[in-house]
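Listed after this line are the structures, all set down as structure tokens.
There are two complexes below, and they share chain A, which is joined by chain B in the first and by chain C in the second.
Up next, the complex of A and B:
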């Protein structure tokens, strides 16, 4: 007996947003990446196709991070000493996008140089994060935005207490911004309004609702993302932005991933566990509607990529 | 006291280049006429400037503030904007100088500035306290003054003094049963003899049930003037502010008012932290002592303020006090442990305390004075709200009415004469001027209203009493936040926009801030500022209150728009500017005429209950009728709160008038 599957039709849709500019588009990227564009909830193919696949970004840093898990240090090796080398390796590992995270030790010259060397080493579109201190972020991101005018970078991370400078320089230099709020639908919406009020075109905002790792609040993050997506589909213009989340950062913060010694034997093999943690965190978020996931380990990238392939076909 | 912002003259857009028609504009200011001739299409404000008349334009000549209203007595002008004027104003010829264009010969009357300020349609001025029309001391009061003349004792009549007094009560006033404290017995013999067996007794009767039973409150030598004042006090113990009225119970008149911050603030700003402190070793005693000190010093102050022909008024002449306050304040005043108020299932020891005496409570009033603590409803809806409902008349309203107490605990009542629901939300003390760097109570020296020029970002302000400003009170903070928001000094998230080109926007010791008054203008010599932290506190306060009443309305299933009236209580001083309260998203976006500002409704309710036992019984009825909604058990409250933590609200469609104002400004934000 044939069953008629009920289908939802939504009044709203997610904006399709393009990151990176090719030479034809005024930049130097080998290709640009488009995310978003959904007209229904994630992967309900019987209702509507997934117009753009979720994209995996790999996070690299301007300096070798001292506090990363030994597992990550081991897999990236020497490349971590040089962001251009690291970028190349990340591209080889299957990244669709790169995230370059700057550090507080970077001078303006260091930072601009690091961004330029990454852009020269890889043709992937680039997201640049400041070190996460308002003043330092602004000090570094403004000259970077000016030095890379037209590349359509994503500049981050805008938060409600510090967004004006980043948004202003992104607007002036043709870049995008990443707008992060702490796991709350209203707060996400509010920051999007503040950024739009400055005159930022709506096709140049990625929203970052913040998430937690598996076992560390992921269900809350999942729920917030789901509700943001529902609000967007119901026609709320200020939530219709693609979502970027950082499961790599979150998963590698957990004790389960970070530490291999002094933990119960029943936890099993350290490396397998750490990669599972990152992979499962990322997949749950993709299921809830993430458009860009930022990862750290190449093996996780491979697995998540495979899984995305299956999701999109199914 | 008024500062006029710098005059911004400007050309009108359509000034023709050739063959310009000339018109005569005659101004009258303070009965002095001045006339100028100007080309057609001249802005009235420019014409006034030319005539040497400086009309204040705090908003920068944008038609926002209405301060430049003048009356066209002859001829007519073209009005570009009448946003600030009511139809009646326009009918009377009023026009905004900054928005009116000269098109013919006209005569203009320039009213004194003060008059204009008070005329604004958005200002809601609190009504003066009037004695209820039906107040009749001998019928409405529970306390009474009686003259007694006793037969002096002799060797033939060795009846004891107390029995002798009781006999006189029975024979001269039909009071069969009289009770008396040991304290009064101690002074009884002296008073009777001092007055040569003529005495004045102050008694409490049991209205209306039993007129034949009485309790002796005070005994005074000789016969006092029947019309001399009998002193009573209405007291509102707010979490942040304590307000005390001294009332002549004979005439019903409020003879003095005094208010001060609650001394308990030093041990916690909100009720929860006070309860925690009180639960610590000795904390309860300290809390009780602190609030008693505040009340007793207010009592003394109020007594000093009374000019009575009968001589000096002292606190021990106060024979009746009616106290309103939230349940926590009541418990702490009475020294009752309050911990159970804070812990689930949130139970008080007592919602309706029995009648007590001044000595029991620790007031420096007459030791046997009646102390009547009004009844509350629940842990977080206390006697301040039941008395607020009484004084607002909500319990008799025909149509659905919303009552908001814009205080530290943000109590809200929705209902009419048939039903009443209530909730409370912790708003914090910001609107009472506490928890804000330069905040203060609405008293002499407080900035109560602010305008910011949208071009220069220079403020203009009005100070209560007209002197140098000492700080900013609740209405001033609302006004300031709204102006800062509309002019782009702060964004919708409340961030101070340092990119704004004004020396008044700067990085201060507490983060980014806006300077309202420079040191040389202020009373203390220090700059008066509003900081990012202050704004956060204000946002939280307004969001809690807004979320409280929206969730309450949703709970009952009544759309807010259908409420007939919004009654606002709070210690803002004399008035509140409704438009600005709407602009920051504290009040719902409704027609301004539906708002009514009542001032401190709690003390007013206590006053009514102090005077009249019928009003007192009505409060008991109100307390019984109210249904309490516990917001902490409501999932939607937090959602409503975070969405209201924005200017004016995350969902701008809820504030169409603000959306329109923003659209018309098109300020870079």
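Up next, the complex of A and C:
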């Protein structure tokens, strides 16, 4: 019985956005990475090809994060004391992008130095996050943006309360921005509009709809991403940006991943559970439309990378 | 597809005889469309109309229930492609695969059967076992039934399934699988033993052909196995099947079964199956470190988006608080609660967390809606007898409702009211620096 498979044809599409610049493109990256460009829902190859694979970014920090789970401290080891070493190890672990997260203890000098040393140590395109306090973010990100002009870094994290300075310096120095809003379709749109209204070219915005880890609100992030992607495909220009989410950050702050003692026996082996927590959170988000997932553990990276390989083949 | 009142009216006698107790056939049709009356109330409706109306009322995906002594696992009855459109209804059953030949069968089954894990106050467990007939299935099932009461999936060829079915008579197991080569024999077996039947083929066309053939033999409870061997193929196939079913393609309107047990990465394949339309999921073995995240994912994906999980209002103890520990106040929206509880828990600092009944809304939303005000906060502090537990009568309000602090002081004479940070993530620093 021949059945007509219903196929959706959408009026809209996701913007293809390139992160990082090679020497030919005015930067120093070994290669640039393009995400987005989809014309249908994730990995439905019978409707349209997947033009660009989702990319795994590994999060490293400018200083050793003593509050990270012992599992992460153990796996990255000594490299955590030196962002350049850590960047190299992250590249070896299979990262397609790096996230360098700065801390409040960093001086401007420290921060610029950390960014430059990471750029020197690895040819991967780079995302730089401020420590997450508005004043400090601006204080650090502006000199970094200037010192790395033309590299097409992604600067973050822009939020509704603090985006102007970051957007302005990204515009002036040829970088991109990461625009984060708290799990809400309209707030996402609104921030994208505010950033675009400043004159930021639309091919230099990644939107970060925020997510929760498995068990800690993933269903909200999951559905908001599905809805954003549907809105984009239906033609809503202010949702047509690739999505970046941080399952590594979210998963590794849960008790399930972070700690191995004093937890119920029914949670099973600590390490395997922790990796599952990060991996499954990331995969659910990739299925709902994530273009960049920021992870922390090399084993999750390997598993998610293999799975992406399997998903993008028609 | 459900018919509208007008469409239903066209199928009624249109005589306005009033015997259904409604003044006109149209009024009755409207009530039918709203599912407020049964068609049986009309004595004159034709058999043809009855059939059409029954078909239109049937859910696009048949509800298939596997049963054993007293327990049941259901799949189907789904109505949408995305959970935000309505909700996903029947959580996919998680089954553990075991082999009939396994010398440790009883013990393996008993261990998995006893598994219980708590997530936000709910106890989760596995749903059943998939038994591979690589030895006499009758003997194996007798062994299994000493260790579990949960429903079974029986996997084998018709000859090897027969003794298994005899050993679990009175139950509704699920048989694996009818394909083009054995459809008749499997259908006969399912019909005789009142079992549900998996239909296996590698395209929607071939699946539909088989289900129609089997249904014609009188077997109604079918489950689809699209035989996908990669994540990409499984996503494509399950999406196509769900779409076709929702478009009322009856031949494909059945739940789907997934076998992550055979996948390269079992956890990832199972997670995809849960998010993308599987009704039954078979896992290779009992591994709590994977089961727990899968059970949580299943709960999250199948949570009704209109009714977010709420936390029971009350006073929660975090990190074994003492009488002098601080009293934090928040609302009973699950994400709010977990954001606060996790930050405090992660910081290692002891605290009392008073969760008020804000009808499941977050702090700002509840405040705007008048569900998180001085009166409610005071009611919670008094109602949960907080004063009996603490030596320092001091409460910390979320920073977003700083405006309430004066009113709360009035409502709670003798209490000191402090304003905490707006975001949960800043709580540990606040507790360390400001409260000490």
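Everything below uses one rule, namely that the second predicted complex is superposed on the first by the 313 of 314 C-alpha atoms of A that agree within 3 Å, B and C clash if a C-alpha of one lies under 4 Å from a C-alpha of the other, contacts with A are read in each partner's own complex, and residues count from 1 in each chain.
Just so it is clear, a contact is a pair of C-beta atoms (placed from the backbone, for glycine too) under 8 Å apart; a residue touches a chain by one contact, two chains touch by 3 or more.
Just so you know, these numbers come straight off a predicted model, no measurement behind them.
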item: First (chain B), second (chain C), both or neither touched by A:280; value: second
item: Which of chain B and chain C A:203 touches, first, second, both or neither; value: neither
item: Touching partner for A:105 - first (chain B), second (chain C), both, neither; value: neither
item: First (chain B), second (chain C), both or neither touched by A:217; value: second
item: Touched partner set for A:92, first chain B, second chain C, both or neither; value: neither
item: Touched partner set for A:78, first chain B, second chain C, both or neither; value: neither
item: Of chain C and chain B, partner touching more chain A residues; value: C
item: Touched partner set for A:135, first chain B, second chain C, both or neither; value: neither
item: Chain B versus chain C as contact partner of A:193, first or second or both or neither; value: first
item: Chain C - residues contacting chain A, complex; value: 82-84, 115-120, 204-205, 208-209, 212, 230-232, 235-236, 239-240, 243-244, 247, 249, 251-252, 264-265, 267-268, 271-272, 275-276, 287-294, 296-297, 300-301, 303, 305, 334-335, 338-339, 342, 345-346
item: Partner chain C, residues of chain A touching it in the complex; value: 1-3, 5-6, 43-46, 212, 214-220, 222-223, 226-227, 230, 253-256, 258, 264-270, 272-273, 276-277, 279-280, 283-284, 287-288, 303-304, 306-307, 310-314
item: List of chain A residues in touch with chain B within their complex; value: 160-161, 164, 168, 184-187, 189-191, 193-194, 197-199
item: Residue ranges of chain B in contact with chain A within the complex; value: 491-493, 495, 497-499, 639, 642-643, 645-646, 650, 652, 668-669
